[in-house]
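Heads up, there are several structures right after this.
There are two complexes below, and they share chain A, which is joined by chain B in the first and by chain C in the second.
Now for the complex of A and B:
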């Protein structure tokens, strides 16, 4: 048992290394600049400009601007995590023809995919920092690196990463059934964008969607990120909840997502083997 | 079940299937890729699965390696049920497919192989030793530090074989491992497979191939699969005996009108196949006895084609195949259904 865990851990790190070596933006400067720097910055700036124009840049609107920018900054985690997960499945199958071999490896396919997606944590973190720097210097957000609650921030982000991976696993059936390697990750990330309180509070969603969004861990995670960075000076989605209560909800929602991911994986793995998705070539 | 030994001997079969079947259903059609497959492969055997395009060879391999679920029947590999015990089974097997250019192009050969060994939980040092040893034996030692994108497709295929062998599986499944390789590379692959089996007499290889001669020379036993069914199995020697009684004649003709169907229609012609080489049509005929030959020649002359050569020869596995299947491996299936 102990040995199995050690081996599993080694395998996980190997998958991280593989992701790092073959598809990390970090190792490809051009892609890194486009995807991890220019894109999030322009997303943040577009939102910020629109918002400040609408609100005539009034002082009362500052907490919500901070809400927007921090939400958009941390969005990179979801963007890169989900996309890399999708790439891990679709490129390995269609482009490298390796999916069936990694799938069959005793390590376990989910561990492999999570490892590959983990390789994006570094570039995602870098892009968060860059967007926050832009927010601080170009938009005048009162972010002070010395007053950030780092333990809360890191804990929330780790939990969120677990949730993002579980969520990706939940969607792996869709990916395995997919024929080409483009777009799926993006579409999923966009879908989550609306549900996670990245640019507007989830309470603005229509009733049932708001309820669904309140089950998702992502809103609680972003709330904690905002509070950890700009406590009291940022618009809050859950003003009635203390930090600890938001954290408790985050933990519960992550656990729920993990359970959901586990069972949907069992189902989709079986369906993939029944339908022959694992080594499906685009010609089918 | 002629040719299979009872599995009551000390060792269990490496592979066993019982009425194994697979149907592919799509919105448009239903394809019966395999049906009623009963096979038993002993430990230490090099077992060949031979069949034309679309016969179901790859489907069989995919089921046995747990990539695909069967739609009927059962199968066991190394004593484990491929459906129920698939997780445990994955520790004990590996698979290599030929002709697919697999590999992470940006990685170096050794690097990819090592990464892979770690997904199998091999110790890092042992994996490195094993990889170097296998690369050396397959003549890839020099390219070990090259990126995979820079390899020829033959080198890639050999690298895939290294990946399959390095984890020391109990059973390895090779789906057309020599397809599209040049003569030398194909020989390297075959030699290495044989040698690898020699390291441990209980290691088992299941190999599919299009190449009759490969099956004949390499395999201990062969199953001939056609349209999803095993139509014969046994040692290559035993299969060849099926055509022992027949007279086998190779006929060379100058090009002209199609003749194959007319030849097949002659009484006493058991089977006929044709192939074109360098502008000459070569026909292989299985005749019931010598007395059929004059009738054949009459038919040929009647069609206005000229005979440029005629030899009688020893039976090959190909002849047995043609007799059983009714056509050669490389001929298209003209009967419409199936592939």
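Now for the complex of A and C:
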């Protein structure tokens, strides 16, 4: 049992390092960081300019700016964890032709997938920090590192990471069925953007879509991140709910995502083995 | 053996390279849906941001027009700028190199094929977005806006040809460079807000991307009351000048590329 855990850990760590190497070794570290943060910073600036054009930066609307910037910052985890991860797995199969070897390895395929997803989430954390710094110093958000509710933030993020991994691993297994499914991860992330409450409250969505969005863990996670960082000074999506109630909903939504993801993974895995998707030649 | 004139070869190359671009739509029909859904979903998100800010209805028109132009910028980045890099990776660039034609003809064919397919997509995005969000446009400026649109397309795809040559100097970085260019250009070109809001210096610099001035001019013509960056006439003139400038620069970049390739022998070296 102990040996199995050690081997599992070693395999996981190798997968993390492999993911990091594939993501980052195409250039020098500085350039990698610059490239990584350009997208989220630009996104945050687009929203900041839209906000300024409409509100003329009035004090009354500042909580909404905080809502936009914190949502955009933490969105990087979804962008990397869902879109980039799905692309990475499809690349492993189609471009590098190595997915079949990791699938056959005694390590266990899910461990490899979790390792790859972990490296994606880790590389997103730099973007999150940089966007929050831009928000603080360039846009004047009252973010103070000493007053952040770190236990709440860490707990919410850990729960969200479980949900993101469950979703992205399942998605990548489903996408293996496609011969030319490159880019679908990006599209899926774009759809999640609508349902997550990252840049607008989910209550603005039409009725059925708002109901669907309320089942997703992403909205509750981002709400808790905002509350942990700027409690009381940020626009709240669920003002009638306490922190504990939002956390309880997050736990329930994460559990639902994991259970649904697990069964979908089993189904798509069985189909992938039967139909030969793991080592299928795809368009690259 | 029949000898064809250089002009005939050039034109046949353009048609031959444009053909797969148009036909490829039907090879993966799901992509047709997603290519249109992607900008619509992005636009919907921005519309809801404006609604959250209680913005005037006119700004929804900004977003829909920006979403339509986004389809072109994505196409220029991913189907023009990075194309030679992909071609090098899959071995097609070698075939272009030994074919008795010019790189210019190949690039022009790519651009023509892309323009046709992307215009259809952008049209669907514009119509669907306008109907979905109930946006109306000033019909008086429609003809002039179409003219500006065509000029903008010409300049944008000439820029794409230039980028295609420049991107060949990058190896694995080409993909990341295209990815990194996407969102910053969305920002500086004022895709979702009036570019005037960025101030004279930033918006002036952003004018190097033809979409910036073209989109601003079209908005002034179709959405009266749009904050004016510079007058429509001047914007149109600058975009018109950009067409030959980028075309000439693309030609120069190709010559430079060929010269360097001959001296280093690395033009068709695969990187993966």
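Throughout what follows, the second predicted complex is superposed on the first by the 259 of 284 C-alpha atoms of A that agree within 3 Å, B and C clash if a C-alpha of one lies under 4 Å from a C-alpha of the other, contacts with A are read in each partner's own complex, and residues count from 1 in each chain.
Please note the rule applied: a residue touches a chain if its C-beta (ideal position, glycine included) is under 8 Å from a C-beta of that chain, and two chains touch if they have at least 3 such contacts.
It should be emphasised that the depicted structure is a prediction, and the values quoted were computed from it without experimental measurement.
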*When both complexes are superposed, which of chain B and chain C contacts more residues belonging to chain A?*
C
*Partner chain(s) touched by A:194 [first = chain B, second = chain C, both, neither]*: second
*Touching A:102, do we find chain B (first), chain C (second), both, or neither?*
first
*Applying the touch criterion given at the start, work out whether A:55 contacts chain B, chain C, both or neither, answering first, second, both or neither.*
second
_Going by the contact rule set out at the top, does A:64 touch chain B (first), chain C (second), both, or neither?_
second
*In the superposed arrangement, does A:276 touch chain B (first), chain C (second), both or neither?*
first
*asked:* Just to be sure I read the superposition right, which of the two partners does A:17 touch: chain B = first, chain C = second, or both, or neither?
replied: first
*asked:* Need the overlap of the two footprints on chain A, from chain B and from chain C, as residue ranges.
replied: none
_Looking at the complex, which residues from chain A come into contact with chain C?_
26-27, 34-35, 38-40, 42-43, 45-47, 49-55, 61, 64, 68, 95, 180, 183-184, 186-187, 190-191, 193-194, 199-201, 204-205, 284
_Help me check something: in the complex, which residues belonging to chain B touch chain A?_
24, 62, 65-69, 87, 90-91, 93-95, 97, 100-107, 111, 115-116, 118-121, 163
*In their shared complex, at which residues does chain C touch chain A?*
28, 31, 34, 37-38, 41-42, 44-46, 48-55, 59, 89-90, 171-173, 176-177, 179-180, 182-184, 186-187, 191-194, 197-198, 272
*Going by the contact rule at the top, pick out the chain A residues touching chain B in the complex.*
4, 7, 10-11, 14-15, 17-18, 21-22, 96-98, 100-107, 112, 270, 273-274, 276, 278-279
